[in-house]
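This structure is in structure tokens; I'll ask about it shortly.
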Amino acid sequence: MPQQETADSNITYHTFDVLIVGAGGAGMRAAIEAGADAKVGVISKLFPTRSHTGAAQGGMAAALANVEEDSWEWHTFDTVKGGDYLVDQDAAEILAKESVQAVIDLENMGLPFNRTPEGKIDQRRFGGHTRDHGKAPVRRSCYAADRTGHMILQTLYQNCVKLGIDFYNEFYVLDLVMNDGKPAGVVAYELATGDIHVFSSKSIVFATGGFGKIYKTTSNAHTLTGDGVAIAFRRGIPLEDMEFYQFHPTGLAGLGILLSEAARGEGGILRNASGERFMERYAPTIKDLAPRDMVARAMANEVREGRGAGPNKDYVLLDLTHLEPAVIDAKLPDITEFARTYLGVEPYTEPVPVFPTAHYAMGGIPTNIKAEVLSDNDTVIPGLYAAGECACVSVHGANRLGTNSLLDINVFGKRAGQYSVEYAKTAKQVPMPANAADDVIAMIEKVRKSKGKEKIAQLRKELQDSMDKNAQVFRTEETLQEAIEKIQELRGRYENIAIQDQGKRFNTDLLEAIELGFLLDLAEVTVVACRERRESRGAHLREDYPDRDDKKFMVHSMVYQQDKVQKKTGTNMKIGWKPVVVTNYQPMERKY
Amino acid sequence: MMSVIIETPAKPRTRKQANLEKYGWLFMRISGPLLVVLVFTHLVVNLVVGDGIKAIDFAFVAGKWADPFWQVWDLAMLWLALIHGTNGMRTIVNDYTEKTKVRLALGTTLWAVCGLLILLGTLVIFTFDPCPAGANPDLLASFCPAQ
Amino acid sequence: MANAAAPVIDSFTVTLIIRRFNPEVDSEPKWVDYDVEMYGTDRVLDALHKIKWEQDGSLTFRRSCAHGVCGSDAMRINGRNRLACKTLIKDLDISQPIYVEPIKGLPVEKDLIVDMNPFYQAYKDINPFLIASDKPTKERLQSPEDRARYDDTTKCILCAACTTSCPVFWTDGQYFGPAAIVNAHRFIFDSRDEGAELRIDILNDKEGVWRCRTTFNCTEACPRGIEVTKAIAEVKQAILRGRA
Amino acid sequence: MAIRPAGTLYRGKVGMWSWVLHRISGVGIFFFLLVHVLDTALVRVSPEAYNIVIESYKTPVVGLAELGLVGAILFHGLNGLRVIAIDFWSKGTKYQAIMFWIVIAITVLAVAAFTPLHLARVFSH
């Protein structure tokens, strides 16, 4: 039941112990953890099962050792190495250690994992996951056909229904209210009515997911506009490692729809126009199962050097034709259907055209291993938590391994739930300022009343085109400069937008404009961080600085918003650096 | 027969009353195959073999009902078809009525009619006299003494 | 073969006729025509976006993933329920206008957006979560055969294409609807679940499985290819026989 | 531009149309049955009364209607068996469309075979 205390004009007030923003995997996992012990509310701009966690296909890593020998140490090592040593190793250890329980939790909640003949959870191979520190690929990914994310999302929602968690669906959180540097709550916009809601809460968990929509070719949903990340940034919270954005090797060419790495885990092979298995040249040992940054780069390189397939030589081919149709049907039904539906290609008999697609943000809101949000390198903001793709713990470093994100949302989602409820038990509610909603109301009214000439969609398209052109797999000082200038131009034009829908009900026109504002912010932070990191590491490839530079850059970047334009960045952003936590593994060259 | 468009469900579902839907559903499926045998044979005997519809008259009926086999046959058909049909009509009424009162009224009417007809039909079959006294002998079956 | 991704079909113009309704200004729904230029790989969702982004920003519909996995954009396209993001324009008859209207039987909120709450309520009513009394410390075991038993119905994305294609649901909106039954099936036939009896009891309701008249609209509408009518038949049998 | 209906007719496939036909035929048969029980009951009144009414069944117009009735009963009965197969046979849902066409085929053939026979009798009466 909604906690409705007072309602003046069109503002409704609510109070909770723990408030979770976002009902994807991370948000709902936190809600389940906190739900039994406290008054928990979950706000989501989508109905929970529409969250993009449901799009995840391949699996969730955990060293269960159900099918072959495995250990959490190996998993930690793979995660660190996969992340090009920019991973905080204390966090990676937690991720790997708690993975087993995370999978068991899900199974116990009812998740229908695929099973081994003995009835245990089955596991399969995935890129970058190896036995004994890189000796051979290992079967570590727990999966439910190729809809693991779907099953996680459904199972978590089912358990939220079971617990009777309070959901506010199709509510857009547009602001985080801070009082004297402490979080008091959030302000949300109700899509159905256009009403404003102010939520006070002792602890607040951000779990708003990624922001792949800064790019044009992306596996991400239209709704992944990074709202939570941008809101935090606007409220003075720095963003960590934003230059590391992962491009997934196998997006359907031209569309960006993802074909899971599971396709290669089950034996799929990448080939160039002449049919060559080119990954043999780039990663002789694990070939097509090398980490994503390496595969994406290899693919982009093949195309660039003229070995691409197709009339425009602009993609490579994912070959599944040597797999048994029965195996494809049992293990990869959905993704092969994507190829059929969207490209008209029959994967049983034809190779599928693929090209890298923007996929996953390694960076985001900085947190520690208790999922507490940091306001600088190590100062905790009490009561504020973040988990999932919007957060940066950092377990993914410069490049996330496949299946580690579904794991991340479960492990750190659970932790966010635990620690936030623990905090809420003793903490006092930070008083909600009287005019808490003013900023949001002003922002909405400004957008609603804008009678300019610029079309939102046009600005967004120009932003995405520029990001694809200038800040995708390959980057240089020049392209990044171009991107910054473009973003600043777009910011200017954003002041002059036109909104056609003036109504209150379901005004998605208005919200798309607001979301574009978030995208502009995040694109700019990304590009600034890209420019400042003058080395190549993981997913971040600077052609003008092609080598990894551990002396200067074995650090996380931290971008802060400033009031005034900074000389160094040419924007109103300041960059700082944060040391990487190293426990066991010293940086080495990455070879696979 | 396409249904009306209703944009709004009339009322939230009222949960969980004891109900006989399962039995109604089963009855439709048990009576169905029986009716296939009963009705299809009935059609063949009355409309196809011999002179078909031309041959049907009082004497024809009398001839059939003189045999207890056909008495039981028609009795079974009467009961099953009426209950089956009425229950089917009830389903349809439930689909297209929204007000409980209307639903109840129509339902009651249906079952009342069904009951009356079953009663009437049963009485007719059992009290039927194939050779009513004083009737025009031309109209009676050949086995009647009056002929 | 491999050139499938290249634009095989050049651009063409199609007319979309969309049933629009904004209760803030309209007294009743109206049909509005839009001409849009599309390409071979475009889907109906792309056409709707194009209209919203270039012609009329007030056109309102739900969408998120754009590739048929989130279940946001079920709508009636040329008379049948489908996901806009999974319906390629070139697969429709483009010599004719394409009719787009909201799914039927749920209250229309605005344009193509309907109030999904009655639908979600039916889902919640069947207790859509694992009910098990044991407290395992490890994973529960389940044989691949037992796992396969309910695989089909785990695919549901709650898009409501099935329920709102059902003629029985259209009549009075009281019927639980195929989606709720599909989700009950997912648990009734899960060997780990102990709540079958409870769910069976719920679906033995007046508005439960017995209202299904096997019209198969649900099966044909399901974008996930779930054999919905079959699942319903299996639940009916489970009720008759007292358990799966 | 042609007038457009409030909402378009749902374009269901054979499953939906078979149900529409089943429903219409069921209702038709039901009302016929009501009448049929009453007219048969006239045998209890008098042979004359019964024969007068039964004569009207043999007129051309009613004779034609009887063809429709027979068709409706055949369709309803056979489709009823199809529905039962869908409910009780595990492969029923898979073959429902084929079964529908079989039902239609048998109904059409049977009515086609019966029509000349019946009409000859009706018109020779």
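We call the chains A, B, C and D, going by the order they appear; numbering starts again at 1 in every chain.
We adopt the following convention: contacts are C-beta pairs under 8 Å (C-beta built on N, C-alpha and C of every residue); 3 or more make two chains touch, one makes a residue touch a chain.
Not measured: the values here are computed from a predicted model.
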Closest chain to the centre of mass proxy, which here is the mean CA position: C
Chain pair with the higher count of C-beta pairs in contact (B-D, A-C): A-C
Distance from the mean Cα position of chain C to that of chain A, given in whole angstrom: 27
Centroid spacing, where centroids are CA-atom means, of chain B and chain D in whole angstrom: 15
Centroid spacing, where centroids are CA-atom means, of chain A and chain B in whole angstrom: 66
Mean-CA-position distance for chain C and chain B (Å): 40
Shared-contact residues (touching 2 or more other chains) in chain B: 2, 5
Chain A residues counted as touching two or more neighbouring chains: none
Interface hub residues of chain C, defined as touching at least two other chains: 104, 167, 236
Pairs of chains in contact (touch as defined earlier), listed by label: A-C, B-C, B-D, C-D
Of chain C, residues touching chain B in the complex: 104-108, 118, 121-122, 125, 167-168, 170-174, 176, 202, 204-208, 210-211, 236, 239-240
Chain A-touching residues of chain C, taken from the complex the two chains share: 1-6, 22-25, 41, 43, 49, 52-54, 56-58, 60-72, 86, 88, 109-111, 113, 116, 120, 124, 127-130, 132, 136-144, 146-147, 150-151, 154-158, 187, 190, 192-193
Chain C-facing residues of chain B, complex: 2-13, 15-17, 19, 21-22, 24-26, 95-96, 98
Chain D residues within the chain C interface of the complex: 4, 6-16, 18-19, 83, 86-88, 92-94, 96
Residues on chain D engaged by chain B in the complex (per definition of touch): 6-7, 9-10, 20, 23-24, 26-27, 29-30, 33-34, 37-38, 40-41, 43-44, 46-48, 50-51, 54, 57-58, 63, 66, 70, 73-74, 77-78, 80-81, 83-84, 87-88, 114, 117-118, 121-122, 124-125
